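Next up: some structures, all given as structure tokens.
Note that chain A is present in both complexes that follow, paired respectively with chain B and with chain C.
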Partner chain A sequence: MKFIVNIILCFALLCAWTQTGYADMLQIKGSDTLINLVQRLAEVYMEKNPGKFIAVTGGGSGTGISALINGKCDIADASRGMKAKEVDQAASRGVTAKRVVIAMDGLSVIVHPDNTVKKFTIDELGKIFRGEVTNWSELGGKDASITLYGRQSNSGTFVFFQEQVLKGDYSAKMNRMNGNAQIVEAVKNDSSGIGYVGVGYVKDASGLTVAEVAARAGADYASPLDKYDVKSGKYPIARPLNQYVNGSPSGDVRAFIAFELSAEGQNIVEEEGFFQIPDEYTELNKKLGF
Partner chain B sequence: MKKLVVLGLTGLILGGVLLSASFAGEIDVLLETLVQKDIITPFEAQIIKDETKQQVAEEISQGTHPTLPSWVQKMKLKGDLRVRYQYERDASDTDAKERGRVRYRLGLMTKAGDVDVGAGIASGGGDPRSTNQTFSNTFETGDLRLDYAYVNYVPPYAKDVELVAGKFERKKYLWAPTDMLWDGDINPTGGSLHAQGKILNNSGMALIDNTDYIFNTGVWVMDENSHSDKGAPFLYYTQAGLEYKEEKMDAKLAATYYAFDNVQNRTLDYSAETNTGATTALEYDYDSFGYSAEFGVREAFGGLPLQIDDRIAFFADYIVNIDRNIEQRHGWAFGMKLGHQKVKKQGTWQLKYQFVNLQRDAFLDTFPDSDRRSGETDVISHEVILNYALKKNIIFGIDYYQNDRIKRSEDLDHLLQVDLVVKF
Partner chain C sequence: MKINKEKIIAGLFFVNGMIVVISLAGIFILLLTNSLPAFKDIKLTEFLFTAEWNPTSYVKEKYGILSMVMSTFMVTLGALLIAIPLGIGTAAYLSDVASHRVRETAKPIVEILAGIPSVVIGFLGIVMVGPLIARAAGLSNGLNAINGSILLAVMALPTIVSLTEDALGSVPKSYTEASLALGGNPWQTLIRVKIPAASSGILAACMLGMGRAIGETMTVLMATGNAPAFPHKFTDSVRTLTASIAIELGEVPYFTTHYHALFAIGLVLFIITFIINLIADIVLHRYEQKVRM
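The block that comes next holds the complex of A and B.
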């Protein structure tokens, strides 16, 4: 009898279910590196298109990609590529994630102006952030312990820097900050500090030094502030800033991305401190019809 | 043209071999060489890597990669190894009992057509509440047993619903924020249904933002109908609840009805022998109602040196045996957790306190946490747990129990467990 009651309850519930619905407002969520840029793009777009509404929120690239996979947003901002696990989760939920590159970033390594060490190789940065080099004197600087400032694990910048520079685990002593702006402020106030942030947060910043970086010992050093070094890929930790959508974009999603990639949109990209996309990524975007 | 050929060849090579991490490393070197020789630009190299990685991941996820059978591509392994030092002492003991223990679990999941199939093995003996192998008897070899083996199905017309049959992990199909009633090692046998999704109105819009309904039900088979005994014990249960989740706050509430059949007047295997009649014939049928809740807040300590995903949560469980003639028929547990919701990534941690008061006949003594006086009822207990991730998936933990009796006059006991857990 109890069994039959349970079965009836299950059947009644099964009959009642339907699929989730969506609101009309375009929802964009994800990277904190991209948030200021995409908010500005959205504001200009809404001014030009009365009646269109876009909500842009942060939380980190991982949060944005997760929201896209779970159907909680229309566009995921991501300063890193999707992980295999995320691709797998997306596929299991019937989401086909497609990438559009909307801007370029020269991921910037910053130190205090009093610090005499202003150039690094990728290998040196890896050793610093893995905690293998712990004193500035080991790099020819003053005798002072290195203080590390980085992002939290839900940040795409955290993951990108780990994959491209560390190729290992971060030092447990690294201070994990909420956002790029917090890292900038921390390094400004710490003469022994070093951090990494999107170039949009340091292009016009004062009170800190943006370091030059070389791909390897003996290679040329390049600055993330030099747009030619970033757009040519000479700056070794230049990266595309991505947006992921579910399937081939259409309707409001397509219209907004088209605006981001237009000449006007790309000018806003530069005004916000990032760089316009190079030819290679323009070609990539063409696969989605942009 | 030369560049196109190189790009095409590189893409093909990558597509074929990126399944192997070591090959992937070699391809990175190849691409870097091509960049240094100005055959391709750094961004072209990056695009090839990114696109190929995503394509291979998609193909493997969908089981369409040409090099392997579909079920192999969809295969996933998971497991963990725990090494434990354990200290136990009753107030009357002259000396403490100390022992080393190891637990190993390995599971394999794959997709076969429309269904998911999973199976896992674990160390330990037949006791469903323990997968530990104790260091004893001059390096005695341990057992490996079937921990779970199930088939899981999501009906295409009701994506919110999951059906499972076999021997399966309990947590998805019956939620409980504490282990007052259910030891974490228990993998029930039978069939269950789990449903979770939005409550929608007629136009398909969510009635309540950020809120899911939860519905679990099932029939769990506790023994077989033998030739001589056709009254096999069963558990039928139904759980209904709500889950609210937003960036800085979450809450989960559920009510559960447990209906046991054929439990009264019999004994059960692996009983802790504290229920009335447990060693001769159980006096009651143990049908019961339970209520469970958990409430969590993130960033509650803005000024403290904690991180954004640090969370404080309060949780509680309550159970009542519905037979009003029973004197000792209530159980309750409550506690709090502070720290990260999941202890997995390096540096994440969680501190947890839990109080349990489980009266003698509130619930069957075959199911509660075995570390609380070997899973007995008639127990009152305080537990403090600290877990810290030394590295990703390598967790150091300390778990302390102070257990006492509610009614019977036995000694207070202390149990300390120091664990090193490696998950993979």
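The block that comes next holds the complex of A and C.
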């Protein structure tokens, strides 16, 4: 009997502890593309501000936004914009989502180093990922069928690529991978593979070719590794990496975001392989007082 | 005082038993009430008999689970084809051939295999089994049904080996002695007497292994590629029922058609496992009656 009482007491204590743990810990959840970057930012921030705790978890942009709507996190990382449906849903639950841009990403198309096809137009990429072009020989490469590696529907990258490049449905034959790292791993091992990942995952990935992409036939090809091309928008599938918060940020949330946008934070952004925020988004952030 | 104590204990066991029954009924009711609203928007025939699943489509949402059902059956079948012969063989070796010392070391090791977390097995599928399959079969990658089958076979093996060994061990010694006395050699005794005598236990072992394979999520999610296309052969990428729920439930807006459709997939899984258990039960029952006659 005493044993059972002890167990119940332990549980009660554990619950109490985790409850208080949640109370002063900043919860950040969402994008797999952003997770390494935000984790790094949080680590440096916590080192500089002892006594502050930040928990960063992944799960995908959709998962993060859904957590923000349901009040399960303080900041949602998102590699895509919120959909109108999600904004409505948030409003119906009393959540006013505000957007901050913390970095720029050149969404990178990767192929195996043995592949001779290293340049694509947006139109070609659309055909490949919609499943209309299925053999590398159709693009001037070797005779081998194309293996597609993409993300799952909870991924912001999945949605962004679909909206900007495909404007249609992904091929049902595309492998749905768990995260950026898995796509990198898969393409490294597959001589006829093609995939897309955030540029932070390819900055020093050997054993990969980062393809150059042109907005349309006849336009210049640009690489996502070139910071000027990404910032100027010459690289056609560059995108802002966002964080969403509930209402105008205050307290710990504001302090952390201010750190992310500071010169020091932006240096970490570059160290992690992403790019600093261009002026148009600095203006957007200013509206929230940053 | 003594009677009271016994009554209390009996009552406690009754409550325990009821908890299992109530939770099962509760799960069933929860699945049913949460999946029924899905069929306001989806036709049941579309749900069960079409192969396109794309609830977040750019063009038009599609809710057909046929390719997922096929995927689940393919990896399960593949896993059983590997795990049953291997499992029964291992169990027969452990119970009849191996020396006492080998048995006492090997059996716990087989059981430890059951304790390996499924993510670890999935990881091995990505970095080891996948590339091996790709090289052996001349494919560009190894994220396919064979990979899933092999990994699930590894996960089902401990159950099958352990329970089959127990079943063989519980065959009355007189059966073995009778067979040997009639001039049967150890091989004939094992194949013609012991395994048939233990077949109900072996069947139960295989059914439990199958249950493990159907319900497993993380491993197949990591190792099979999850392409939603209808799989035609074992070298195609597959996406199982469990993987679809795991992928989509995290981000789905609550109480939408998509949300309810995911519960409907859960209900389908529940019904499949229920039918398998029912069949196993009927077969076992019939077998037991035969033995008694």
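Everything below uses one rule, namely that the second predicted complex is superposed on the first by the 268 of 290 C-alpha atoms of A that agree within 3 Å, B and C clash if a C-alpha of one lies under 4 Å from a C-alpha of the other, contacts with A are read in each partner's own complex, and residues count from 1 in each chain.
The criterion applied here is as follows: a residue touches a chain if its C-beta (ideal position, glycine included) is under 8 Å from a C-beta of that chain, and two chains touch if they have at least 3 such contacts.
For clarity, every value in this text was computed on a predicted model and none was experimentally measured.
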First, second, both or neither for A:189, with chain B first and chain C second: second
Which superposed partner A:233 touches (first chain B, second chain C, both, neither): first
First, second, both or neither for A:280, with chain B first and chain C second: first
First, second, both or neither for A:178, with chain B first and chain C second: both
Touched partner set for A:169, first chain B, second chain C, both or neither: both
Which superposed partner A:154 touches (first chain B, second chain C, both, neither): both
Chain C-contacting residues of chain A that also contact chain B: 59, 152-154, 169, 172, 176, 178
Parts of chain A lying in touch with chain C, wherever the complex brings them together: 59-60, 62-63, 65-66, 70, 85-86, 89, 144-145, 147, 152-154, 162-163, 166-169, 171-178, 182, 185-186, 189-193
In the complex, chain B residues that touch chain A: 35, 41-44, 46-47, 50-51, 53-54, 57-58, 60-62, 155, 158-161, 193, 195, 197-198, 200, 203-206, 215, 217-219, 234, 236, 238, 247, 259, 261, 307-309, 345-347, 391-392
Chain B-touching residues of chain A, taken from the complex the two chains share: 2-3, 6, 9-10, 13-14, 17-21, 59, 81-82, 84, 87-88, 91-92, 96-97, 99, 152-154, 169-170, 172, 176, 178, 232-234, 236, 238, 240, 278, 280-281, 284
List of chain C residues in touch with chain A within their complex: 52, 54-59, 126-127, 130-131, 134, 140-141, 143, 221-222, 225-230, 237, 239, 247-248, 250-254
